[in-house]
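Just passing along the structure, written as C-alpha cells.
For clarity, chains are labelled A, B, C, D, E and F in written order, and residue numbers in each chain start from 1.
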Amino acid sequence: MNRRILVINPNSNEAFTAAMDRSVERLRFAGGPEIHCRTLAEGPFGIETARQSQELIPSLYRLIEREKGNYDAFIIACFSDPGVVGAREFSAKAVIGLCEAGVASALSFGERYGILTNLDDDINGELRLLRTLGLEARLAGIEAVGIKVPDLVDTPEVFEALLAGARRLERRGARVIVLGCAGMTPFVQRLRQETGLWIIDPLMSAVGLATATV
Amino acid sequence: MNRRILVINPNSNEAFTAAMDRSVERLRFAGGPEIHCRTLAEGPFGIETARQSQELIPSLYRLIEREKGNYDAFIIACFSDPGVVGAREFSAKAVIGLCEAGVASALSFGERYGILTNLDDDINGELRLLRTLGLEARLAGIEAVGIKVPDLVDTPEVFEALLAGARRLERRGARVIVLGCAGMTPFVQRLRQETGLWIIDPLMSAVGLATATV
Amino acid sequence: MNRRILVINPNSNEAFTAAMDRSVERLRFAGGPEIHCRTLAEGPFGIETARQSQELIPSLYRLIEREKGNYDAFIIACFSDPGVVGAREFSAKAVIGLCEAGVASALSFGERYGILTNLDDDINGELRLLRTLGLEARLAGIEAVGIKVPDLVDTPEVFEALLAGARRLERRGARVIVLGCAGMTPFVQRLRQETGLWIIDPLMSAVGLATATV
Amino acid sequence: MNRRILVINPNSNEAFTAAMDRSVERLRFAGGPEIHCRTLAEGPFGIETARQSQELIPSLYRLIEREKGNYDAFIIACFSDPGVVGAREFSAKAVIGLCEAGVASALSFGERYGILTNLDDDINGELRLLRTLGLEARLAGIEAVGIKVPDLVDTPEVFEALLAGARRLERRGARVIVLGCAGMTPFVQRLRQETGLWIIDPLMSAVGLATATV
Amino acid sequence: MNRRILVINPNSNEAFTAAMDRSVERLRFAGGPEIHCRTLAEGPFGIETARQSQELIPSLYRLIEREKGNYDAFIIACFSDPGVVGAREFSAKAVIGLCEAGVASALSFGERYGILTNLDDDINGELRLLRTLGLEARLAGIEAVGIKVPDLVDTPEVFEALLAGARRLERRGARVIVLGCAGMTPFVQRLRQETGLWIIDPLMSAVGLATATV
Amino acid sequence: MNRRILVINPNSNEAFTAAMDRSVERLRFAGGPEIHCRTLAEGPFGIETARQSQELIPSLYRLIEREKGNYDAFIIACFSDPGVVGAREFSAKAVIGLCEAGVASALSFGERYGILTNLDDDINGELRLLRTLGLEARLAGIEAVGIKVPDLVDTPEVFEALLAGARRLERRGARVIVLGCAGMTPFVQRLRQETGLWIIDPLMSAVGLATATV
C-alpha cells in the first residue's frame, strides 16, 4: 500500500488549504507518498494569537485521533506548532510542526537564519518557541513585515515589504530566511532571486522530512 | 531538465558507496530528482580521526568544483560533516552534511535525541560538532557501541551491541536515535522494532532535505 | 475594595482543590488579599499527559475570561503551566503558573535546585518546560518517585519514596527541592526536617508572588 | 511567636531605609510576618561600584550573624546582591537578594524583561550577575537612564528619563520592567500607567517571597 | 625599568606563599618580568568557604591599592577569584584570577576539561563561578578528592586520591585537568606521567598570561 | 636542552612571518624557550575564506608531523584556528590556535570582549568558531573595519578605521579588544593609548601560554 501524509491546515480558511495543496504538488512523485491537505473545520479563520493557537488543539487532536489509522505522518501546518508535542504522545505516527521542521532544515543552508513574521507582536512568542525547540543558537533575528495574515496577498507592495524585511535580516547576518507565515509562500522564488539568499518554505521542509521517513 | 542530487561518500570504500546507493533507492521516485552516489577516490579507506576527516577536504572541494554545474545539491555523506562550510562558500548549490541534517531532522521525532557512535574516543568530537551546529540543547547523550567502522557487519553480535547502546540512550531520556555511522544503516528497521524508538538514518534525512529543496 | 486572588485547580478533583485551600490558609492575613480556590469542572480528574494538559486550556480560558473582572491575579495550579502564556495575552491581570513561580522562587534558596516528579516519563516534558521558561541553568536534576498522582497519599511508604528521591537530588548537587506535584504538599515539613534542604511548595511561591503584586 | 523579616539596606543612607520602610508597609498584614528595615551603618553612603558592593560584605555578615537568632529571613536590599551567597552558607535562615528575587519574579509577568539602571557603566556588571544567577535567557535588554543614585529624586525630569528608558526597553521587546535601583521605587505606579507594562519593584518581590516562605 | 608581577596569596599561610614562589621560579627569565610573591597577612589561614573568600576582599583591595604604582600586573592566587572584578575597576593594571586564567588556558589543551577540587561541597560554588566566567561549555566535570586543603601533603595516599580523581574525570570525557587548589601543584608532573592527560597548574597559566601582557 | 616553540604562519606571505618574528621578540628571554617562526610554503598568500583555511590543513599537518620531534609546542598563527583539533590528535605536543588562545586570554582583562575583523563577511565564520570553542558568552560584538588583509598597512587611514571599529565595540560594551588579523598587530599600542581599552594581540597570548606550559 502507498504511504500517505496528511497536511492539516489548523485554520478554517479553505483558501489557505488550497494554496498548500498547490505548494506540495511539486513533491508528489509517482511511487512517492500520497500527500493530502485538510482544513481543520473547527479552527479559527486565521491564527494570530497564542490563545487561538491553543484553543484549536482539542479539535486538532480529535482529527489526528480519527485519522491515525489512515496516515503514516501528520504535518501540522502552522508556524506556532500547535499540539505537536501532545499529538506525538498518543500517535505512533510522525507528527511534524512547521516551525521545528522549517528552522531545522534552514540550518543546512547557511550559518545563521532569519525569520520573516507578520507583526512585531509575534516576535516574543517565536523567540519562546525557538528556545523551546532548542533552535535559537543560529538565529540572526526576526523581522516583522507589518502585514497581517489576511493582507498577505500577491501585490507589489506586499512583495516590497517582504523584500525589505529580508534585506534587514541579511544585514543582521542571516544567510537563509525562513518564512514565518504560509501566506508568504508565493514569494519564495522572487525573494530568492532578488536577494540571492536561501528562502525556506517550512511546508516544503516538513513534507520532505515526512517523505524521507515514511 | 531533471533535478540531480550527488551523494559523495568521502571515504574510498566502494562498498560503502554501494550500500548508500541501495539505501537511497527508496527515495528515487519517477519524476523526482535523480540521486547519484559517488566515491571520493582520494579519501581514506575509512574515516576514523579528525585528521582523516580534514585531510580529504581539498579533494572533496575539487570534486564539488568539477561537478557544480551538473548537480543541484551535494550531500557529504560522513557524520563529521567535512568541508560542508567551505563548500557552501564557493558553491551556489545546496551542500548538506549528514550530522547537521540528521540531527536537525531527529528533533521532529522526539523530545530528546541520542547518538550511537563507534568508539568512546569519538564522543568529544561529536559534542564539539553539535555545539558548532547549535544543536546540542536536546541531546540526551552519545553512546559508543565499541565496534570500529570496518567491523560493523551484519551479525547478531553487532546487532546486540547496537541494541544495547540504544537502550542505554533510552534510559538517559532519548526518544529518537541518530545513527552516527553509515555502517549502522542496515539495522534501522530492527532497532525500531525492538525498541519502539524512532531511528534516524541521516542519509535519508539529507536526501529528503535535498529533494524538498531542489 | 479588597484585592482578590483566584487559584484555579485545572483538574476536576475537588479533593485537590480542598487541599490547596488548606495550604494557602497560612497566607491569608487580615488586610491581605482574599485567596479563593476553584476547581475547573471541565478539567480531567488528574493531569498526567501533555495531551490532558492542553485539552483543558479552552475551558480554563473561559473561566478566566468570566472572572477577569472579579480578580486581581490568577494562579493556574498545575506544574505544567497550562494556558499561562495565552491567558496573559487576553487578561490584563497577573496570570501565574506553578512551575514558573516555584522554580523562580527556588533560586533564592540555594545554588542548584532539583525537582521531584511522579514518573520517569514526566522528565522530558519538564526539561522542555524549564527550557521554555529559561530556568534550566541551575537545575541539578529531576528525580521521579515512581508514584502516580492518585497514589500520592500520606503513608510511610510514600514518604520514604519522596525522601529517597530528595536524597538522590541532594547527591546530584541540589540544595533546594521543588515539589513537582500538588499531591506532595503534605510532606513539605517532614522532607525539610529529614534532609535539611529547602523544600519549595510552588503554590506558596505563586501566592506569595501574587500577594506582593496585587 | 510572630515570624520576622529583616530588610537590610546595605548603604548607610537612612533616607533610603526610610523609603524602603514606607514601601513595604503595604505588605504588612495583621497576622503576617513583622517586617523590619535596618541601615547597615558601616556601608558606603551610596553603592555605585563593584568595589563598594564588596567592601561592605564583612560588616553585612556581622550584622546577619548577630541577628540570625532574631529573624526568619534576611533581605539584602541592593540590586547587586552583595554577600547573598556567603550569608546563605552560615545562616540557616533564608537570605534573599533583590536582583535574584526581582528578576525571577518578573518572569511570571511577561515573556521578556528589561532592566532600568542608572548609568551605562552599570550594564556589564549586571549582565555578569544575571549570568551568575542563570537568569539571562529572557532578558530583552538593560537601559541606563543617565541619572546617578543620589539624583533619582521625584521631579518631572527624572520621571521623563525613566519613562524614556522604559519605552526603549519596550521597543527591544520587554513586556515587564525591573527597576534596578531602589531610588526608582516612587515611580512604579506612574510608569505602569504610562506604559501599560508590568513594573517590578524587586523589594516587593523579595518581601513577598520571604512572606511565602517563613 | 623592569616589568614586575605581584602574586598575592590571599590566605595568611606563609608556607603556601613559599610554595608558590618555588613554582613560579621556572618562569623567571633573565630579561623577563620580576615575579614577586606576597602573603595577605589579614587573610584567613586557609580559604574554605565563600564567606572567607569574601571577607578577605577589603584587605586585598588595600594591598593592591598600596602597590598599584609598583607593579604591572597582579595575580590573585586563589581558585575562587576573590576580588578580581572589583580590583579591575580601580586598578589600571592587569588583575588576573587563577580560575579564570587556568580554565581559559586549559581550553587550548583538549576538547573538554575537568577540575579536581577538595570536597564535594566546593562543587556548586565552582559551577557558579564557571557560569559567571562564561567558561562552562567545555566542562566535563568536577571531581572532589575528599581531602581538605591543609591535608594536601605529599604522601602516596594523597597522590592516589588525586590520581583516582583524575581518572574519574577522564572517564567523564576530560582530556585536560585543572588543579583547583594550590596544594595540588607538587603533583603536576606525576599526574601527567600516570594519566597522559594535560595537567594545568593555574598559577603557571596566570603568570604566563601576565608575562605576555606586561 | 632548551625548550622550543614553533610559530607557524599558515599563509605563504614571508612578510607576515617576519612581522610575527619581530612581535615575539619581546617574549624571548635568556633561559626562556626558543621561539621560531616559520612560513607554511604551501599555504595561500593570504587566508580570506573558509575554503583557503581548510585547504592548507594537509600541508600544515605534514609540517607538524615532520617537526614534532623538534619542538615542544606549536602555534598555528591564523585567527581561524585551522587544523588545531586534528593536530592535537596526532601530536603529543601542545598545539595552540590564535583565536582560542587570544579570546581565552582576553577574558582576564575585562568583562566583555570585542573582536576587530577585516570584512563583514568574516563575522558569521567567527561567531561559528567562538561557539565551537565555547567562548561566546562574554562577546560584546564583532566589528569589521572594511579593510582586506593585504591593505592593512600602517597609514593614518588604516589606523582611523581600526580606532573607529574599537570605539564601536566599546559602545557595544567591550572593555577588551581582540585583534582578529595579524596585520593589526602594529597598532596595538596606539589603540590602547587612544581608547584606554585593553588590546589583545592573540600571538602574544599564544606564546605566553606556550611558554608557561613547556
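FYI, a residue touches a chain if its C-beta (ideal position, glycine included) is under 8 Å from a C-beta of that chain, and two chains touch if they have at least 3 such contacts.
Bear in mind the structure is a predicted one, so any value in this text is a computation, not a measurement.
The chains in contact with subunit B and with subunit D alike are A, C, E, F. Following the contact convention of this document, B, C, D, F is the list of chains adjacent to both subunit A and subunit E.
Where subunit B touches subunit C, the two copies mostly use different residue numbers: shared numbers make up under half of all numbers in play. Think of it this way: of B-C, C-D or D-E, only one pair shares over half of the C-E contact pairs by residue number, and it is B-C.
Note: centroid distance subunit A to subunit B, computed from Cα atoms, is 26 Å. Centroids built from CA atoms put subunit F at 33 Å from subunit B. Between subunit D and subunit F the centroid-to-centroid distance comes to 43 Å (mean Cα coordinates, whole Å). Residue positions 85, 111, 125, 128, 131, 134, 137 of subunit D each touch two or more of the other chains. Touching pairs of chains, sorted by label, consist of A-B, A-C, A-D, A-F, B-C, B-E, B-F, C-D, C-E, D-E, D-F, E-F. The touching residues of subunit B, counted against subunit C in their complex, run 111-112, 137, 173, 175.
Residues 49-51, 53-55, 57-58, 61, 83, 85-87, 89-90, 125, 128, 131-132, 134 of subunit C are the ones touching subunit A in the complex. Interface residues of subunit E facing subunit F in the complex, by the touch rule stated above, are 27, 29-32, 85, 88, 94, 96-97, 100-101, 104-105, 107-111, 133-138, 198, 204-209, 211-213.
For subunit D in complex with subunit F, the touching residues are 123-125, 127-128, 131.
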